[in-house]
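The following blocks contain the structures, represented as structure tokens.
In what comes next, chain A is part of two complexes: it sits with chain B in the first one and with chain C in the second one.
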Partner chain A sequence: MRKQRGLSIFAGAVFAFLFIPLIIITITAFGENPTIQFPITGFTFQWFTAVFENQSFMDSFLLSLEVSLLATLLALIIGIPAAYALTRQGVKGKSWIKSFFLSPTIIPGVVVGYSLFQFIVIRLQIPLFTGLLLGHFLISLPYIIRVVGSSLEQLDFSIEEVAWTLGSTKFKAFISIVLPNISSSIFASFMLAFINSFNNIPVSQFLSGPGISTLPTTLMNYIEYNYNPVVSALSVLLMLGTIILMFLIEKTLGLAKVV
Partner chain B sequence: MSKKIPYLILAPGLILLVFFLLIPLVSVIWPTFYNGTLSFDSYISFFKDTYNFGIFIRTIRVSIIVTVMCIILGVPTAYFIAGTSAKWRGLLMALTLFPMLTNSVIRSFAWINLLGQNGVVNKLLASIGIISKPLTLLYTEFSIIIGSIYLFLPILIITLVGVMENINPEIMEAAETLGASRIKAFIKVVLPLSIPGIIVGSILVFTGTLTAYTTPQLLGGNRNMMLSTFLYQNAMTLGNWEDASVIALIMIVTTLIVMKGFNLIANRIDKRGEQDA
Partner chain C sequence: MSFVDLKNIRVSYDGKNNILKELNLSMEKGELISLLGPSGCGKTTTLRVIAGLIEPNDGTFTVGDSNLTKVPVHKRNFGMVFQSYALFPHLTVRENVGFGLKLRKEKKEVIEKKVQAILEATDLSHYAERYPKQLSGGQRQRVALARALVIEPQLLLLDEPLSNLDAKLRISMRIEIKRIQRKLGITTVFVTHDQEECFSISDKVAVMNNGVIEQYDSPEEIYKNPKTEFVARFIGFENFFALTKQDTHTYTTSDGTLIETVHSAGRQQTTGTIRPDDILLSAHDQEIPSNSLAGTIRVRTFLGKSYQYEVETSIGKLLVNDVQVPGYQVGDKVFVVIPKEKLILV
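== the complex of A and B ==
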């Protein structure tokens, strides 16, 4: 293809639009001024130290990790066998069941959060943490069903049948033949669901209370009253986390396959 | 016996979804229709209120503008990415994916830095003498729009690259050999073939903007409510659960209508293509 200068410039401008705001955040994390300033004066790491010294950031980071890990693990335990069942022949109402499993992506996040809060926390008096966990499970499940499901569809099921013929039980064949063959997509779906759950705001916002606040919720409430480089520093740390997770996905399944 | 196994495996997921998604939804929405008698009164009075109706219209308007802007910015960019070598394409896709996986609080916060009274944009405009006093850019509908474009442009680009990769570049070359200018060849050849991708991407952008919470909350302020922030305010600040539930159903129904509408357009375009052929 010939050089397309106009198109390159346009695409370059779009990438500048996507990255300049994030680059500015990164730069402001190192300024010495106690309110955010750009361009910055001086150079310091003190705001990064301040992030780690902020107890509510650290507590909510740990809570976020706990909730996202538990929710995505639960989604894996329930989602992988379900995705497997949905690729088998002879399951009646398969497409209907699959849409039902994917439906949390169609229902707006604020609505999921609101109805869980009203029904689980207010009406059934179930502890907030359980509600938060269930909400994150709901939003994680579709990722598992979709990514693992599409890799199961490409799997040659005759290898499983060979195992049955050779005397293996169905359960054993699933564990020792099917699972290893889809392990990279399991990992990728886990990563995607984890990132999505970790970043979630609308569901967490409704299901937060004293001592229960995920990191994005805490950060959001912090931003409403503070405008200082601590926010920038925390943003930089979270972006570094994203880069590491992206690198891990790229090394296992390849980023191109999960989007 | 073995025929029942798939259903047993599906049961735990189905039970959890019924108990923690379906039943909570119905229990929240049912009272908006039934209050001793069955009626649509809650919805009629919600829409009759000009303030509420204004928020509904703003949400739709912002979603339309954001979708159109994402298409204008995203289509050429996706076309550019699809035309690069495999190595470059991988890198550019990763670069597009990165903002998408970055927390939406951070991405909204980025625009507070840019659009604030002492923000980068105002400083830049003042230093080159275009403005003498800072413009009010933040906490406006404009800042919601730009923040939402920023939020959803990557997903449109990624969806489109997947479709455009599969367009045979020789078709484009053929059009050019036959005398079409490059822009004309793009409009007549690449664009029609990309319509399915544009539709899928537009659904994601439109419904995403329609239901986004973080961006309107951080960039819109109290005077520029969207349905999602209005739902939150009603439920958690005002304790008006009836209106919150009404908004919840309006959001679900609007999302479904938008999805159906775009799919209808897609089907119609598909049919027209068949007739041409």
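== the complex of A and C ==
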């Protein structure tokens, strides 16, 4: 009993440590003070208005949206067939290929970002936007392969085979039998990959330049010179967006199964 | 040439071990044949070769006049029922059953009519709008069967379709399968490891062992005259002893006892086998010149309708089922009689 109470206090402390800063940031977004201060004086929405009036925020938000959406879609297009091949085909060196696809989650983001920068921007001279897209594609792919792969592993392979015996080509059976049965995990992996891509800093930092800057990167640069509640307001908006997406995943698949 | 012919089929999954070796099997139109054998002997593999889910490493597979060895699975028009039923979880019973017809680009009214007819024939019309999750094991099994039958397949392939059902349902379903099969006259391959199930339903039985068909005969023939020791053991022969040929129908056991037989073997050294049910026990010497051995009861087991005795004789332990009451006690001296018409040489 006593032991358990000790544990609850400890868990409570950890939660507090994690959440109190977030709560404080949220509160500071509504204060009238021109710098971030806590506790706040007054109450205002002006910092939120300021976020929407800031052209570089809006531009980078749109760019982030574009990059993350495109990159995650691309990752879906490549990742779903790859996950399928990895679970279904007797590919030699399967475990190696698997770890290769998952490596971006293990290798520090800075390393991924830097090597992409070296290779894509310096060596291949690929346009910055394409490079950024490629980088985000690479960090999204593991999410797709892992989440979709695990749901493919749970799918009874014989439902596909039976579709073949009933006259369906392999491609048709994949579309009409496999996809509908993994749609919720496709959706969940898409959301996870999208959130991760949208919030990513290390890869974006290396692959940004004049006119090409994602929202988190812009925010980082902004904080360096400005320390006002606009930052808090923007953070609150980002958190809100993430929470809504997570809620959608939870609704479709249950978060516990994904992470 | 038969309607269906498998010739010298060899299958190896890893390129080293042959799972099927020189397998030959032929079927006539409208027959129901069974593949019977222990788990892992290659029954499913054989069925998958027929279905086109596996391409054999060697050999040919023909139906009618066409060589189908390299024809892809989706062009074969065979109905298959998997052991797991493999129903499409995201489709209703009606949609599951209609799946194959939709691919055949038939008219909508025709599809609806055929689906409705097969749903009624398999007693599923009440469940047409349900999803597989909402069905019992027996109902799922019927959906799988209906889905395979509705495409009017040239062959029907059933992989242990009854093994996931309880005993009672298993018996009624196998009668049902036989009835439908007869009615449609559809050539059928039925895979099972259950001897009774297989004998009750099949026109012919192929007993498989280690990727080889050991015997392919009618159920009666296999029951009465197993050709190999493996087949004999698999269908309930439990007593095996060495015999040496003296004359066409005269043999001696290892201890010199004379054994007369109805059957005859080509070889000099052979093995005699008999079911526990077919040996006779008696307390007194019958004073017959052959087929009788003295023995001692070592173990007695009550089986319900009979007792099973383990009798120690000069040619080894023999298992004997005997219905006499009160029966014999452990230690009793008895005489074992081996009726010559029941003794099989393998």
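Methods note: the second predicted complex is superposed on the first by the 255 of 259 C-alpha atoms of A that agree within 3 Å, B and C clash if a C-alpha of one lies under 4 Å from a C-alpha of the other, contacts with A are read in each partner's own complex, and residues count from 1 in each chain.
To be clear about the criterion, a contact is a pair of C-beta atoms (placed from the backbone, for glycine too) under 8 Å apart; a residue touches a chain by one contact, two chains touch by 3 or more.
Note that this is a predicted model, so its numbers are computed, not measured.
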Does the superposition put A:F129 against chain B (first), chain C (second), both, or neither? neither
Tell me the contact category for A:P180 with respect to chain B and chain C: first, second, both or neither. second
Which holds for A:T242: it touches chain B only (first), chain C only (second), both, or neither? first
Which partner chains sit in contact with A:T165 here, chain B, chain C, both or neither? Use first/second/both/neither. second
Which holds for A:P81: it touches chain B only (first), chain C only (second), both, or neither? first
First (chain B), second (chain C), both or neither: which does A:V111 touch? first
Determine, for the superposed model, which of the two partners chain B and chain C contacts more residues of chain A. B
Quick check on my understanding: which residues of chain A belong to both its chain B contact set and its chain C contact set? 170
Could you pull out which chain A residues touch chain C in their complex? 156, 158-159, 161-170, 172, 177, 180-181
In the complex, chain B residues that touch chain A: 2-3, 5-7, 9-10, 12-14, 16-17, 20-21, 23-25, 27-28, 73-74, 76-77, 79-81, 83, 90, 92-99, 101-107, 109-114, 118, 120, 123, 150, 153-154, 157-158, 162, 169, 182, 210-211, 213-214, 217-218, 228, 231-232, 235-236, 241, 244-245, 248, 251-252, 255-256, 259
Chain C residues touching chain A - in the complex, by the definition given at the top: 51-53, 73-80, 82, 84, 86-90, 99-100, 103-104, 147-148, 151, 157
In the complex formed with chain B, which residues of chain A make contact? 1, 4, 7-8, 10-11, 14-15, 17-19, 21-22, 24-25, 28, 36-38, 78-79, 81-82, 84-86, 88, 90-91, 97, 100-101, 103-104, 106-112, 114-120, 123, 134, 137-138, 141, 170, 195, 198-199, 201-202, 205-206, 216, 219-220, 223-224, 227, 231, 235, 238-239, 242-243, 245-246, 250, 255-256, 259
